[in-house]
Amino acid sequence: MSEALANLQGVSRVYQKGKERVEVLHELDLVIPAGDFLAIMGPSGSGKTTLLNILGGLDQPSNGAVTVGAAELSSMSNSQLSHWRSTHVGFVFQFYNLLPVLTAQKNVELPLLLTNFSAKERAARAGIALDIVGLSDRAKHLPRELSGGEEQRVAIARAIVSDPALLLCDEPTGDLDREKADEILKLLQVLNRDHGKTVVMVTHDAQAADFATRTLHVDKGKLESRAAA
Amino acid sequence: MARSYGVTSGRLVHIFNEVFAVTRLNILNLPKRVATSLVAVVGVMAVVLVFAAVLSMAKGFERTMLAAGSEDTAIVMRSGATAELNSGLSHEQTLIIANAPGLLKDGDRAVTSAELFVLVDIKKKSNDSEANVPLRGVQAAAFDVRLNVELVAGRMFETGKNEMIVGQAAQREFKGLDLGATVQLGRVDWTVVGVFAASGSVSESEIWTDVRVLQGAYRRGTSYQSVRVRLEDTDSLAVFEKALADDPRLEIDVYTEKEYYSSQAEPMSNFIRLLGYPITFLMGIGAVFGALNSMYSSVSARGTEIATLRALGFGPFAVLISTIIESTLLALIGGLLGGAVAYLAFNGFQVSTLNSSSFSQVVFDFAVTGDLLVQGIVVALIIGLIGGFLPAVRAARLPVAQALREL
Amino acid sequence: MKYLGLIWRNVWRKKARTSLTILSVLIAFLLFALLNAVGHALTSGAPLSAAQRLVVIDKISLINLLPISYGNKIAAIPGVRAVTHATWFGGYYQDPKNQFGQFPTDAEAYFDIYPELELPDEQFEAFMNNRTGALVGEALAEQFGWKVGDRIPVSATIWTRKDGGRTWEFDLEGIFTTSDPRGTTAFMLFQYDYFNEARQFGDGLIGWYVLSVADGADPVEVANAIDAEFANSPRETETSTEQAFAASFARQFGNIALIVQLILGAVFFTLLLVTGNTMAQSVRERIPELAVLKTVGFKDGTVLGIVMAESILIMVIGGGLGLGIGWAVAQSLNEALAAMIGGGIFLSGQAFIVAVMIMIGAGVAAGIFPALKAMRLSIVDALARG
């Protein structure tokens, strides 16, 4: 049994919308071993995106503790969380969220701007990341010149460029056709098996979940477990 | 024949309806685009405001100067002198002038006033700085020679005494010129015994006294600078001029008061205009950029709406015109606001400045006149048209399919 | 610095919009530069060394004349290094419209007191040896096409000659220039002796005295001493520094400075609106992107800084261009109008500094609200929206 990378204990997330009190996550416990490829599924509004956000330090739980690696996220300040995110986690979104004004390479270099690397070093590392996702020849293209699948690969390159241990993906194949979606999922598998990244993927797609090693279901803020075949 | 006419007019009506419908949609839609629209409006407002403010200065100055100008009064100065200060006439010469033909008579004496003025330092009320105020020595007929001067308070000065009457505007603008006050100029004390009005003309910026007393106080002997005469009628100018030109004892120039003040006003008002128009032009260009910005932004915000209209069958022409109308309307609002603020804030505001031609202060007020406001509105409309044109073309050309995809 | 690439590309996100905004900024600063340059010429006519020179006029009125006998008395006052006099001749050349300054003076002392005026020695010698000689400034010579050796007739409006004529003829013996960038050369000097002999009236009377104060002496004290000397005499004097004298005329133009400021105020207010609106739109369009920046680890403060930098950059580019063009136009205006108003139209260093401060200040003001919005946006909400 590998070491736990992430540990959630009794995590609740409550939103106050005027007089309404919405409980998105309800006393959730979850342990994610290092090197896991976890798929999280569930109906809309079940809280899966919120779970992902809390894992990545984008959101704080209303109750409970969140630990990722050596960091206790639930007790960190905004500024500390920012700093932590830049080196410990990579995000991949459904709509890629690339900066349209930057080339593929510059988009990938973005997280590295927060480091002390020289311009040359940044370019080199971005080059490696683009290589891994198989897009070295499109480095100088702008997002609008790339297909959906290519954009997502650039986003993945961006997510891994600072070599984080954890990769969080929110519906990464939601906007792609079957063929492209499979390519992306295969890539995530490579990153998981060959590069040791722990991947947590929120998805609607049961076929996407098949690429993962483990699937969890979330409904009304609570977890139900079901191991992969 | 009748039928083709019917078809043409039918088409026109159709187009008009289209334009009206699209424009109405545009306008109703405006509140959603308040921020950018506001920017265009304020930009134009600023241009018109500055335009009106600066040019109303020129107007006001001119109006004051020209109000003094009448065709029935002439000024005689030494030949070549373009301003009274540069002119010099002897006592004898003034008598010859006063006896020339063509002049209005009061009894058996012509209505003339031989005059001389000096500049004295008096402090402005507004900023306490010293200003050159004209102290003019006049003869008894001074009021008759000018058509618009009358005493509004106190009395006329007595000849031979150190008494003075002050123009209304001078009294308002400069310190210590109230009725009954003692004014110390040099080592002579003068008393203010009266206040006169001159229908807002430059004469109101002056202080008057008996010319003989002035000559004495300022050691001018018996010399004068000018003679103002009242012409018998407007045609007698030629007669008067010829008589003086033929006289070998005189080397003089004759101007109607109107001509004289016109030329005195010219440099200053030209200067103000020289500043005003270019500044307005530059600001106008800036406003056009602002309008272009707003309109481009408006067009892209309305992209899907326009595409929908086009898909429904509205022609590109209607879209084009409606965009131009929107831009012009915004500019018009800005122009009206700018004009209104200019009028409320500046009209009638009194200032005084040094008239470079006469080296003396002229008190005048800003005149935001109707024609200035009209000019301002025209400027606003031009900005609106230019600023709306290119974006309108873009709106009309927007590929329908592409825009609908963005829905 | 490493963020510069990102900032630059963000600024040019929508080329047309940015270009138009920059152009608006350009216009604003062009106006600023021009109004400042011209206003500068109008309000500070005094040449540089004017603080050390004093002008003595008749106390009662600037138009009154003073006796030439005052000259020696003034020279004797402690602190006075050298004194000269001048009188307003008030004539014109050929056409009454061609008016310019002609001054009968004590030329030797005049050039001593105005060291910025430069003239070849031979020309000066020739002038001093010619009773009817005249020295003319470069700008004036250019305007009328005069050359040394020309005979110049000047028609007098005030000063008739003893023989009754009004035309005074002069021999142009020299053309002088000035080393003072703000000084004028649009005037003429000639011999006082000729003037006094040939004029019909006003014997022994001159217009004003100009003197230079000795090193170490206090101009105010010297001025007071001079006025005290002639107090209670038939013609009392009023002495002020040349600078103050020129300034008093400038002040008489009323509040030109105020008007200029009001105009610029309106212009810059509009500018803030335009740029502020551009920045607001720019941020509104980029909410998901800004969220991504934060997701990737950019701190809130950094995001604020990036947006602010964009705003300031727009101001600086437009402002720099506007100032540059304004400076160039002021230069050529200055040359073109040199004859008329003798220089003074230029962008002072002070105005330049003020402009830069405005650029930065306006950049901050225009960008602050959008920047705060960007800084404060909640990543989670922003991404959900995207």
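Side notes on the structure shown:
We just call them A, B and C in the order they show up, numbering each chain from 1.
We adopt the following convention: contacts are C-beta pairs under 8 Å (C-beta built on N, C-alpha and C of every residue); 3 or more make two chains touch, one makes a residue touch a chain.
For clarity, every value in this text was computed on a predicted model and none was experimentally measured.
In terms of which chains touch, the assembly is arranged as an unbranched chain of neighbours.
At the centre of the protein atoms shown, by the Cα-centroid criterion, sits C. For the pair chain B and chain C, the distance between mean C-alpha positions equals 26 Å.
Averaging C-alpha coordinates per chain places the centre of chain A 71 Å away from that of chain B. Distance from the chain A centre to the chain C centre is 64 Å, each centre being the mean of its Cα atoms.
For chain B, the set of residues that touch two or more other chains is empty.
By the touch criterion stated above, chain C contacts chain A in their complex at residues 2-3, 5-6, 9-10, 12-13, 288-289, 291-300, 379-380, 383-384, 386.
Taken together, the chain A residues at the contact with chain C in this complex read 49-50, 53, 56, 58-59, 78-79, 82-87, 91, 93, 95, 97, 99-102, 106, 110-111, 113-114, 119, 158. Put simply, chain B touches chain C in their complex at residues 35-36, 38-39, 42-43, 46, 49-50, 53-54, 57, 78-82, 85-88, 118-121, 127, 129-132, 185-187, 218-219, 251, 275, 279, 282-283, 285-287, 289-290, 292-293, 296-297, 351-354, 361. Interface of chain C with chain B (complex): residues 16-17, 20-21, 23-24, 27-28, 30-31, 34-35, 38, 59-64, 90, 92, 96-97, 99, 155-158, 160, 166, 236, 248-249, 251-255, 259, 262-263, 266-267, 269-271, 273-274, 277-278, 280-281.
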